[in-house]
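The following pair of complexes shares a single chain, subunit A, combined with subunit B in the former and subunit C in the latter.
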Partner chain A sequence: MKTLVIISHPEITESGSQQFLLSSIADSEMITVHHLEGTYPDGNIDVVTEQKLLKQHDRIVFQFPFYWYSSPPMLKQWQDEVLIDGFAYGRNGHQLKGKEFGLVLSIGVSESEYQAGGREAFSIHELTKPFQAVAFKTGMTYLKSCLIYQFPYMTESQKMTLLIDYQQFLTRAADDSLFTRENWLIDQLLKTNKETLAHGDDLLLQHAIEAIEENRDTIDGLKMVLDEMNG
Partner chain B sequence: MKTLVIISHPEITESGSQQFLLSSIADSEMITVHHLEGTYPDGNIDVVTEQKLLKQHDRIVFQFPFYWYSSPPMLKQWQDEVLIDGFAYGRNGHQLKGKEFGLVLSIGVSESEYQAGGREAFSIHELTKPFQAVAFKTGMTYLKSCLIYQFPYMTESQKMTLLIDYQQFLTRAADDSLFTRENWLIDQLLKTNKETLAHGDDLLLQHAIEAIEENRDTIDGLKMVLDEMNG
Partner chain C sequence: MDQNEWIIEELESVFQNSRDYKQKALIAATQQLIKEQALRVTQMEGELDGTLWSPRNWNE
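Up next, the complex of A and B:
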C-alpha cells in the first residue's frame, strides 16, 4: 500500500507539530510527502502532475492545521483545480474510487471544547463533514482521523504515542483487528535498525516480537478449542 | 441596518447567477458589495481596511459558489487573515459580537441530492457547520441561508422569486413575523420609482399597499377582541 501525504501549511518551517511529524517519516517507497505551498510558491498548481500522483497511491492523506474549521486556502485551491469532473467524479471520473482517504489535523484548542456547550460548539466529526462529503463523492473510503490537539502542550510521552498513532495512520491496514495491529507492530519492530540501539535493546526487541507471536499462538489455540466445542 | 456582502468567486463575470444577483442591488447606503478576487487580484488582502469595513456594517454576508462543500480559496484566506485573535475572538476580540451573519450559496446540484441516499449524501445544514462555527466563535447571530440551486435551469418566475428572497435576505429584519414581512414589503413598494412603471401599474401598487395595511388593521382588531375575551 502506498500513501500520499498532501500537506498544506502556509508556514511549515515554523510549525512545531508539522516538523515533528515530518521528522518521523523515514525515506520509504511506501510514503510520499507532498507539501503544496512548498511545491507551488507562486500558487500555480500543475494539475496533470497532481492527478498522476493521486493515481500512483492507494491512501490519500490531507494533513493541515485546522484554521477556522477547515483547510488553509492552498488545499482548497488544490481541491477545486485537481478534483475535477471527469477525473474525480462525474461520467468517467473514477480515478479515486476504491482508494482510502484520511485527515491529519493539528488543532489549537483542547478536545473538550469541541462539543455542545464548549467554546467551539461543534465536534470535529461535525466540522469535517465537507471532507467526508469529498470522500463520498469521489468513492474513497473515509478513515478515522488522526487528531493532534495542542501539540505545544504535549508531554514527551504523549508525543511518542502520537508518533506511533501517526505512523499507523499512514501505513497500517485500515481494519482495527488485533491481527492487523499485531502484524503492523511486528513489521515495525523487525525494520528497526539494530545498530542504532543501545546495548541490550536489540535483545529486548527480539523478546517483544516473540511475546506478541506467542500470545497469538495462545489465542489461535483457544480459538481451535472453541471451534471443537461448538462442532 | 447596513449589510456587507462579501463575494468570493474566481470568475465572477462568467457566472450567470452572480451577475443576476449583482444586477438586482440598487445603489444604496445600506448595502456594500465587496468582491474579494476583484479587489485583490494579486491576493494581498488589506487587513486593516477589511476590519474597518466589518465594523461599519451590522449584517455580514458571505456569497460564493459552493465548490467542494466550502468557499473558494480566496474567502478562506480572508477568514484566516482578517478574523484574527484580538479582533474577531479571544481576549478583547469582540468586534463582530452582536452582528448578523449569513450565507448566499450558489449550488450546482439539485436540492434533493443533499440528503442521506442522495448523490451528495449530506444536507447543506450539515456541510455548512464550519461557517456556523465561525458565527458562534465570533458572537454573530447565524441567519437562515439563501440557497440558490441550479440557477441556469430556473424559470423566469423562479428567478423573480429568488430576487425577492435575496433582497429580503440582504435588508429585512431577521425575525420572520408577519409584521416584519409586511413592513419590508410596504417599504419596498413605496420605494418603487413610479416613473418607470407602465401606465396603471402605479395605481395597482397603491392598491397593494392599501390591501396589506387593511389586512393588518383587521388582524389588529381581531387581536384586541381576543385580548378582551381573555381579560
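Up next, the complex of A and C:
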C-alpha cells in the first residue's frame, strides 16, 4: 500500500507539531510526503502532476493545522483545481474510487471543547463534514482521523504514543483490531535498527515478539472455547 | 512473575538503553500492546468463568 501525505501549512518550518510528524515518518518508498506551499510557493498548482501523484497512491492523507474549522487556503485551492469533473467525479471521473482517505489535524484547542456544551460547540467529526463529503463523492473510504490536540502541551510519553499512532495511520491496514495492531508492531520490531540497541537487547526484542505471538495463541484459543460454549 | 510481566520489565531497560527516539517509541508501544493483550486474556478468562458458572447451564 502506498500512502500520499499532502501537507498544507504556510509556515511548516516554524511548526513544532508538523516537524515532529515529519521526523516520525520512516524512510520508505511506500510513503510520499508532499508539502503544497513548499512545492508551489507562487501558488500555481501543476494539476497534471498532482493527479498523477494521486493515481500512484492507495491512501490519500490531508495533513494540516485546523484553521477556522477548515484547512489553510492552499489546500482548498488544491481541491478546487485538482479534484475536478472527469477526474474525481462525473461521468468518467473514477480515478479516486476505491482509495482510502484520511485527515491528520493539528488542533490548538483541547479535545473536550469540541462537543455540545464546550467552547467550540461542535465535534471535529461535525466540523470536518466537507472532507467526509469529498471522500464520499469521489468513492474513497473515509478513515478514522488522526487528531492531535494541543501538541505543545503533550508530555514526552504522549508524544511517543502519537509517533506510533501516526506511523500506523500512514502504513497500517485500516482495521484497528488488536490482531491487526499486533501484526503491524511485530513487523516494525523485525525492521528496527539493531545498531541503536544496547548489546544483547535484540534478543529481548525477539522474546517480546514471541510473547506477543503466544498471547495471540492464548486469545484465539479462549475465543474458540467461548464461541463453542455460546453456541 | 508471569512471562508478560517479565518481558514488560525487560523492555524497560531496552527502552532506556536505546539510542534512537523512534525506536524508544516503538519499545514503549510494545509494552503497551503486551499489557493490552494480557488484559484481553484476563477478560476472556473471566467471561469463560462466568459462562461455566452461569445458572443457565445448571440444568443441562
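One rule holds in what follows: the second predicted complex is superposed on the first by the 218 of 231 C-alpha atoms of A that agree within 3 Å, B and C clash if a C-alpha of one lies under 4 Å from a C-alpha of the other, contacts with A are read in each partner's own complex, and residues count from 1 in each chain.
The definition used in the following text is that contacts are C-beta pairs under 8 Å (C-beta built on N, C-alpha and C of every residue); 3 or more make two chains touch, one makes a residue touch a chain.
Owing to the predicted nature of the structure, the values given are computational and were not obtained by experimental measurement.
In the superposition on chain A, A:Q158 contacts neither subunit B nor subunit C.
Contacts of A:L205 after superposition on the shared chain: subunit C is touched, whereas subunit B is not. In the superposed model, A:L226 makes contact with subunit C only, not with subunit B. With both structures placed on the common chain, the touch criterion links A:T180 to neither subunit B nor subunit C.
Contact with subunit C, but none with subunit B, is seen for A:S24 once the two complexes are overlaid on the shared chain. After overlaying the two complexes on the shared chain, residue contacts for A:R216 are found with subunit C alone; subunit B is out of touch.
Contact with neither subunit B nor subunit C is seen for A:T141 once the two complexes are overlaid on the shared chain. More residues of subunit A are touched by C (comparison of subunit B with subunit C). Contacts of A:T32 after superposition on the shared chain: neither subunit B nor subunit C is touched. Applying the stated touch rule to the two superposed structures, the subunit B and subunit C interfaces on subunit A have no residue in common. By the touch rule above, subunit C contacts subunit A in their complex via residues 3-4, 7, 10-11, 13-14, 17-30, 32-34, 36-38, 40-41, 44-45, 47-48, 51-52.
Every residue of subunit A that touches subunit C in the complex is listed here, in rising order: 24, 26, 157, 160-161, 163-164, 178, 181-182, 185, 188-189, 192-193, 196-198, 201, 204-205, 207-208, 211-212, 214-216, 218-219, 222-223, 225-226, 229-230.
Residues 43, 67-74, 76-77, 79-80, 83, 119-122, 126-127, 129-130, 132-134, 136-137 of subunit B touch subunit A in their complex.
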